[in-house]
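First up is the structure itself, then whatever we jot down about it.
Labels run A, B, C and D following the written order; every chain starts at residue 1.
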Amino acid sequence: MQRVGVFVCWCGSNIAGTVDVQAVSEALKNEPGVVFSTNYQYMCSQAGQNMIIDAVKEHNLTGIVVCSCSPRMHEATFRKTAAAAGLNPYMVEIANIREQCSWVHKDMMTGTEKAIILGKAAVAKVNLNTPLTPGESPVTKRALVIGGGIAGIQTALDIADAGFEVDIVEKKPTIGGKMAQLDKTFPTLDCAACILTPKMVDVAQNEKIRIFSYSEVTDVKGFVGNFDVTIKKNARFVKEDICTGCGACVEKCPMKKVPNEFNLGMDNRSAIYIPFAQAVPKVATIDPNACNMLKNGKCGLCAKVCAAGAIDYTQKDEYIEEKYGAIVVATGFNPISMEKFDEFAYNQSKDVITSLEFERLTNAAGPTAGKLLRPSDHEHPHTIVFVQCVGSRCDSCAEKGKEYCSKICCMYTAKHAMLTRDKYPDTEVYVFYIDVRTPGKNFDEFYRRAVEEYGVKYVKGMVGKVTPEGKKLKVQASDLIANKQLHIDADLVVLAAAIEPDQTARPLATMLTASMDTNDFFTEAHPKLRPVESPTAGVFLSGACQGPKDIPETVSQAGAAASKVIGLLAKDKLTGNPCVASSNELMCNGCSSCERVCPYGAITYVDKEFRMPDRTTKVRRVASVNPAVCQGCGCCTVACPSGAMDLRGFANNQIMAEVDAICK
Amino acid sequence: MQVNEFKPLIVAFCCNWCSYAGADLAGNNRLNYPADVKIIRVPCSCRVNPMFILRAFQRGADGVILCGCHPGDCHYTSGNYYTRRRMAALFSMLDFLGIEKERTRVEWVSAAEGAKFAATMNDFVEKVTALGPNKRLEDLRCKR
Amino acid sequence: MHKTYLQEEIIRMSGVNPSKCMRCGKCSASCPAYDEMEYHPHQFVNMVESGDIEPLLKSESLYKCLSCFACIERCPRGVEPAKLVEAVRLTAIRKQGANHMTANDVPALLDDEMPQQAIVSAFRKYSK
Amino acid sequence: MKVSYFPGCTLKNKAKDLDTYAYKSAEALGVTLEEIENWQCCGGVFTTAKNEVATKLSSVRALKEAAEKEQPLVTVCSACHNVIKQTNHAMQNEKEFADKVNRYMANETPYAGEAEVVHYLEMLRDMVGFDAVKEKVVNALTGKKIAAYYGCLLLRPSKVMQMDDAENPTIMEDLIAALGATPVVYAKRNECCGGYIAMESPELAKKNSNEVVENAKAAGAEMIITACPLCRYNLMKNGTDIPVVYFTELLAEALGVKEDTNA
């Protein structure tokens, strides 16, 4: 049985004006467990706190009830007081008789009556309180960034800048991501490579940053501050530390007919390749599916020409295990496949391309060295039709495409249209749009310039059918303002394909127990107030993996994610919230109900041995809560059919006792 | 006269992050609502076990209201969605058992909605008062 | 907004929810009979949504739709404009004496090669 | 293999070729077509209105007979296929409509869309298999450049028809390839020929059909195949100078059973 002390605060006249504090302290004296009850003008004052400390010592109190203002105000204060008196701070309960009683009721009698009931509920609860100790865990002062696009690069640079070690894991042979494939960037039209590649070099030269390129994360264990991550370094058959990136092997490789993924298959590369001139790390990689030496042991030319002796055909995949305190997801996006949108004849004509392909076609380092030429016959296109919202903003019942707006297409299409008109004024450029969405600094001005200064023809309507015939693409479209059906003979059709999260995001989310929405974008801990944190503690989000984003937005989010990581890594120890769920293993039947509702992935299952009454041993699967991950919402306690799961500090019997006390 | 004197007993479960703060705000702004409402603080509305509600009715409560963060704003991401689903099922079952739908309610009150909290409580108490005492589930053995 | 009886009837018959339309115009961009129509597929959707159905009932456009389902197939919002056209057309021809084509009209329209299918289909579309 | 067979109105007169070669080819491939007894015309077009019952009854009768025989219902004509398949879909998914139909027909055991509606092309692809067709080919049509014309009804609405990708179908191309010929892919193969509008606005049918043929010819087609009598009529009538034949005729030719018919 507890020995409870009740301390009723007057709060000057704030409480005493509507509540008869004397009557409250008298009434609560008779409650079970109460051995001491008093009232005072200002309980939170030094004198009031000393009164509590003295009473604890004098009456050997084991629990404290303070009837005062809201616990949101002074719970922390009175917990400290309890600790000063030698009690566990979690043996304190507050009855809120100010905000939720004296301030909202006018009548002394009803106010007093309610205050007594609230006090009784608090006494009933504190009688069932148990001392709680928050767990502590150390923090590994190193961060992992998954994805080496502009989001990952910026996050890593910012974290490294604060003095912490960062590893970047990138599945491609080089960092740089989608931004490295872009030509110019809106709305300023500076070239993507000119602003990105210096950052890539910074990453390479920063001694706090390690790059695991051509690698992927295969396993994540542990929790905030203490993640154990397995990284698979795919064999690139080139010794990274020896290769100088001279490119002699690339030149000599006889297998030159491999579709070049960096140029989206619009030209070819060799079997041993460096994706682009400014690649980081600048080392060669052998494509095992194309290399004759690896496929049938016939060739070996690259090894012969490599002066540094970096080629190693026997290289194997390597698994690296590393510890991290924080993980940043920066897995980015891809344009969706155009396979199901063949009304635009993407599969039927080479001259129907996606916007990303258009970027490569206009990029000086692209397949046409920056000249805008039709892929089919390398002739200059005179009429270009851009189609927006291809696969974006589709209703789910249309069974193809995405429901969301891909956000970046309006702006890059305006950019493409403007740049085309600028460089090739003899070209007719049509943009078919549903809405032009330009919310961003200098964005609408940019789009208007495309129309007003560059003469791009924006048509409110959609393309219904593209028919390749001869050298032309016959475009059938609607112009809703003119209320006409248009028929345009185009030379090139550019589709603004919707974007979707990278395919690696879903398995990664499973590994991280980070939640995703139905579109496979990572969800934030709070959509407004915690936009760069995942609900899983220690996992942060950067860039388009969280939702469609342009470069400025991605960079801002990358910086924000980095600052959150720095805040975490700056701590030596993490103090947990002791009010977490825990499961009574004897009652748990291992049904997984709690695991399914837990938003944090804090619950796992372990096989445990139990001694049975007949002295045999039985192994059962039972739930186990990781207190460092659990945030204490209590959802699992309600989902648990056997009542095994309970929440410390808000236990079933505690809340039940409050209900009983109120309903007497 | 008898009817007028009936004072209902209302148990309100408020989540710590939104609705409990909303109730505090109602206090800060001195927005009155009947003293019949007694608030129990829970970390999240999804912490409220249907057992608590059944217990309240068994012990003579005349109405039970759950307040949580607005959908999409849950401090714990998804807790209030569970609340919504669980309570939809529970309340229709209670309705079947004779606990009128007006006696149970889930309401989303944010930390900034002191006025909404007070208005909600006024409305809820009024509706429950109109229904009169809950006799259906009350267990007389629990009466002292 | 209050819906008229006629509007509700059209919506119920067709099973189409015109308020799903996002005004992209892909239906009208896909329509093979566009130039024959006074009111185009996107206008059908818009006019049913706003309750402006009388002009549609009187329009020849009702009989120009080929029922080729291109608008249904390509609508990104799943609105299915052709079903609205069909519902309005049925509302028109179900009235007494409102058949768009009668048996007497047929011989003049035939040629030797014309398959039965064309006549059967046309009757389904043009008369009750 | 025995299947129920719904020929449709036009196949017994104006489009006899479509029907006879369907029989011949099926026989050659080891499939017996059992014609639905007293089948009635499907009506040519599916009325999408949910409160239209009477016009769909003939389809339901055919479906019910096939279901009772536990056979798939095979169709050849695109229009019949579209009407019957959409009607079946409505019987499966629109309860109110299905109730009305069952009460109207006084069905002792209500019909709820149990039958499987299979187009002849689907039968070739999924039940016989194009590989098996290829093995049975005696007159390979090597070197012939043939364009498949799908029209609208065979593929759309794809959610119901489920035959192939409505925008980039391959089923007829695969058949052409199996028969040894070279399929010609062109974008207008799924655009409407004009259909029944040929009666009222022949100029519209002409315009649409011309566009289809021109597009096929530009892609190098020497011949067009189709599954629909009305498509064939429109394409032929509106001035194509390349032959338009039914796919069953081409199939019969390749399988070496065409001559028998003429004899």
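The criterion applied here is as follows: a residue touches a chain if its C-beta (ideal position, glycine included) is under 8 Å from a C-beta of that chain, and two chains touch if they have at least 3 such contacts.
This structure is a prediction, so every number in the text was calculated from the model and none was measured.
K.L.:
Could you compare the number of C-beta pairs in contact for C-D with that for A-C and name the larger?
P.N.:
C-D
K.L.:
Suppose each chain is reduced to the average of its Cα coordinates; what separation in Å results between subunit C and subunit D?
P.N.:
Whole-Å distance between the two chain centres: 24.
K.L.:
Express in whole angstrom the distance between the two chain centres, defined as the mean CA positions of subunit A and subunit C.
P.N.:
Chain centres of subunit A and subunit C, defined by C-alpha means, are spaced 48 Å apart.
K.L.:
What whole-number Å value describes the gap between the mean CA coordinates of subunit B and subunit D?
P.N.:
Using C-alpha averages as centres, the distance is 63 Å.
K.L.:
Using mean CA coordinates as chain centres, what's the gap between subunit B and subunit C in Å?
P.N.:
The computed centroid separation for subunit B versus subunit C comes out at 53 Å.
K.L.:
On subunit D, where are the residues touching two or more other chains?
P.N.:
167, 191
K.L.:
Spell out, as numbers or ranges, the residues of subunit A touching 2 or more other chains.
P.N.:
Subunit A, residues with two or more chain partners: 343, 465.
K.L.:
Which residue numbers or ranges of subunit C touch two or more of the other chains?
P.N.:
70
K.L.:
Which pairs of chains touch each other?
P.N.:
Inter-chain contacts occur between A-B, A-C, A-D, C-D.
K.L.:
Could you list, by residue number, the parts of subunit D that touch subunit A in their complex?
P.N.:
Touch residues, subunit D against subunit A: 159, 165, 167-168, 185-188, 191, 211, 214-215, 218-219.
K.L.:
Could you list, by residue number, the parts of subunit C that touch subunit A in their complex?
P.N.:
20, 22-31, 34-35, 40, 42-43, 70, 74-78
K.L.:
Which residues of subunit A touch subunit C in the complex?
P.N.:
343, 389, 393-398, 401, 434, 460-465, 476-480, 483, 485
K.L.:
Any idea which subunit B residues touch subunit A in the complex?
P.N.:
9, 11, 20-21, 23-24, 26-28, 30-33, 35, 38-44, 46-52, 55-56, 59-61, 72-73, 75-79, 82, 86, 118, 142, 144
K.L.:
Within the complex, which stretch of subunit A touches subunit D?
P.N.:
339-343, 345, 347-348, 399, 465-470
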